[in-house]
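Every chain is named by a letter (A, B and C) in the order it is written, and numbering of its residues begins at 1.
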Amino acid sequence: MSVETPVDPTLVGTMAARAERRGVRIPWRFIGGRAAFYAFTLWAAITINFFLPRMMKGDAVSSYMARSQGQLTPDAEKALRAMFGLDTSVPLWQQYLDYWNMLFHGNLGVSISTGMAPVGEAIASALPWTLGLVGFATVISFLIGTSLGAVIGWKRGGRLDVFVPITTFLGTVPYFWVGLILIAVFSTTLGWFPAGHAYELGVEPGWNADFIGEVISHAALPMITIVIVSIGGWVLGMRNMMLTVLDEDYITVAQAKGMPNRRVLWRYAARNAVLPQIQSFALALGFIVSGTIVMEMVFSYPGIGLLLLNATSAKDYALMQGIFLVLVLAVLVANILADIAYAILDPRTRQTEA
Amino acid sequence: MTTPAQESQTVTQDAQTLAQPAGVGAPETLAVAVADRQRPTKATFWSQLKASLAMFSNPKSATGLIIMAVFILVAIFAPWIAPYDPNAQNLNETLQPPSFEHLLGTTHIGQDVFSQLVFGTRGVLVVGFLATIMATVVAIIVGVTAGYLRGWKSESLSALSNVFLVIPGLPLMIIVASQFDDPPLWLIAAVLGLTGWAWGARVLRAQTMSLRNRDFIQAARANGEPLHRVILVEMLPNLLAIIASSFVGTMTAAVLGLTTLAFIGVIPVSNLNWGTILFWAQQNNAFPEYWWWYVPAGLCIALLGVALSLINFGIDEYVNPRLRSAGERARAMKRKGININNAVTQVRTDSSAAGSAEHTREVKTE
Amino acid sequence: MTTLEFKNVTKIYNVRGAGQLKALDDVSFTLGPGQTIGLVGQSGSGKSTIAKILTQLETPTSGEVLLDGTPVPRSGKRLRKYRQQLRMVFQDPFASLNPSHSIRHHIERPLRLDSVVPSKEVDGEVRRLLQRVRLDADAVIDRRPHELSGGQRQRVAIARALASRPALLVADEPVSMLDVSIRLGVLNLLAELQSQEGLGVLYITHDLATARHFSDEIIVLNQGRIVEHGTADDVILRPKDPYTRELRAASPDPEKHFGSLAAQTSGGAL
């Protein structure tokens, strides 16, 4: 009989003991469930995209085709006809499959408002700008917001409480309005930041200090706008969570043990309170994306939002639908990343897999 | 020590005979028995309404409701409040800063900004309420049904609402709205509601699921209550707070969505609302000099949003008393000089008692 | 007179990810009018499952439940009639009443659903029921549950159960969440009502003492199966099954002096 380290008999057979012995496990079931859901969402978005043009009034579609007459290659025209369901000879389910086929080949049609360029190309040149802007701004907003919320929650009833209504007020102001105000104040009046675009025309794009400096200074105001408007949600959510967590007994035990307040605040209370925030991170992302779209219009920032709005005024349906799909995909990917982060950070999800 | 048999009699006896040693019977029995010496007022409609409005009685939601009420009154009495027709042009007085004749100045074609703001309130509130009502009705139907049913039916309804939660709202709205040339009011409201129902549905589903396992619902089912009565009569009254909170939150999103869509120009400008004002301001290069054109509209949007958030705060604190009392407790302790976060429990010596004891001692030694 | 028969009932739950859980294993007993059966067992022994099956909130995996010899219907009007015959008093007085509704509502509903009395007599019947459970009808009838004490709420629950004039009552740990000093009062009320109405009562509990006080027969459940079944005195005073003996030994005897806790753990019983 092998010599084993004596196991506490009261723990035999419980899930906790088994998990201890085998180390960290990846919660496959949890991630699998979420992945299935996201696949379903993507399918739903694609199907919505498929049916929308077929619900449009006929003359809108035919005028679209008429405008592009003579400028399309036969292939492009075929793709568009397939997308809009103009070939009534083909049965609906066949059109559906053809549409999926197109998507798998990365063919999103052709955009009339950007000189007949493939939709994929137009999006690819605009996407990085939006991703960079939204990505950075959201992370900064999350970090500042949750930290501020944690401190406010800790100092219950203190002077810092006044931040809660302030940040909530800022959260109800439309993104574009804040952007306009910031331009008016900081750009036109004070001249600290440029008013629009991602970089000055004439500067060579590339990895040189000039360009990067330009990018940062042009991105400053849009980023500040996003942070100002979105921070309220993090602050409020974190503060509420902190109040609930601080009532728990383990906090009292930690303090009674003589742990310094700073450690209790950050390593015990905030760490547990932040978990639900990560879940709402993904949800908040949807709102941030929505707000950024209009904000890009205000700042003439060459991201995907500006592209969408221009496509809307030009009634460039192919481009609009392509952008919609890409946006949904981006939000889903962000959601997946947030779920993975949550699964790794919350030991309870790890354990239920034991 | 009284026998437990007396407990059943105490509920019908006089207050005098209720002087019993502590611990016998529930303390509440004592309180209720004393209280019902006075015949309770019948639970009339008004007293029940007052009870359900308790969630609005704290100062935060009261403030929010007052601001809302102001906006609603402005919208109703717009023709009397606004000095000019919002569309009336006066090409002699274009781009005028605020003055006595034009409280908020004029636009590029001489329209009175203040009148536009006042009439725009109608557009915002009508579409906002309509969209929110639509979204909330859908949320209740989907959410409560999903919470009550079990198995794959519940899961699929939940998946449906999650899909609409994840898909970013504005792009979807833009795409759908741009399909129409001149959509009627209810259609705009429907598009807004389309993206707004999912959050409420999710919250309601979770709450219904927890309610469903409560004993009183089991009792109702065991009594043979038909399904529609179980949901409408037994469950729904317990869901009112959540529904109210969801309604308010959805309205905030609807108002923001409407003004944003108007600003972009996706919604035809024939529907006058605060977003339309900003649209025209943007189109005519009002930034940054002609601040009276664009600043008030944005502030109104924000103010309405704040009012709604305050109402929501009030409801939140009513539902979760911890939020309400946490700040108060800390402040009360601070006034006594105790830091609530101190790890070491501070021992307070009551100085007034010590003082009086001293005084007594002094007197005694006389 | 109505007789309930539980015949070879087995209930198996499928737990997601953890296989199957056998809640009941071949359980049989008969409950007749005017008879009280005490169902005793620890948490998780299957007592509540039996209550759920009796009130049709769950269905047996195998075996059957017979009322007067005929199997209990699954749906329709006959199910409604069955439900009228068998009512339940729940354990938690704080959760078994709907916080949004008045006491009047709680007692009216079964009266109206089963058309026990004509419409215009409903109010009188509600008051009569409240008087029978020793509550001041005027004081209590328009109050909400949170305004009443635990004991009062449980009496309301009993009144609600009696409203449809059932033949059988299932009392699922009716006093275990009440203050100890008022438990006997509620139990005596149940006994009195039972003798007045000739009810058959299934008294589910984990407390041997009240089971003995209150029941004619006692059934002991352990992990879903019946390990002992006999008259109350037989089971308590002359237990045959080792599990029953353990249960009995686990109940603290106020007559015995145990000494300090330290003496207890070093060599005490169990």
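Worth a mention:
Convention: contacts are C-beta pairs under 8 Å (C-beta built on N, C-alpha and C of every residue); 3 or more make two chains touch, one makes a residue touch a chain.
Fair warning: this is a prediction, and the values are worked out from it, not measured in the lab.
Among the chains present, the centre nearest to the common Cα mean is that of B. Looking at which of B-C and A-B shares more C-beta pairs in contact, the answer is the pair A-B. Inter-chain spacing, taken between the CA centroids of subunit A and subunit C, is 54 Å. In this assembly, the C-alpha centroid of subunit B lies 42 Å from the C-alpha centroid of subunit C. Inter-chain centre distance (subunit A to subunit B, centres taken as mean C-alpha positions): 27 Å.
Residue ranges of subunit A in contact with subunit B, taken from their complex: 37-38, 40-41, 44-45, 48, 52, 55-57, 60, 154-158, 161, 165, 168-169, 171-177, 180-181, 183-185, 188-189, 240, 243-244, 246-247, 255-256, 258-259, 261, 282-283, 286-287, 289-291, 293-294, 297-298, 308-309, 312-313, 315, 320-321, 323-324, 327-328, 331-332, 335.
Only residues 55-57, 79-80, 83-84, 87-88, 90-92, 95-102, 109-110, 113-114, 134-136, 138-140, 142-143, 147-152, 157, 160, 164, 179, 181-185, 188-189 of subunit C touch subunit B when the two sit together in their complex.
Residues 4-5, 7-9, 11-12, 23-26, 28-29, 32, 36, 39-40, 42-43, 214-225, 234, 237-238 of subunit B touch subunit C in their complex.
Those residues of subunit B whose C-beta lies close enough to touch subunit A in the complex are 159, 162-163, 165-172, 174-176, 178-179, 252, 256, 259-260, 263-266, 278, 282, 287-288, 291, 294-295, 297-298, 301-302, 304-306, 308-309, 316, 322-323, 326-331, 334, 340-341, 343.
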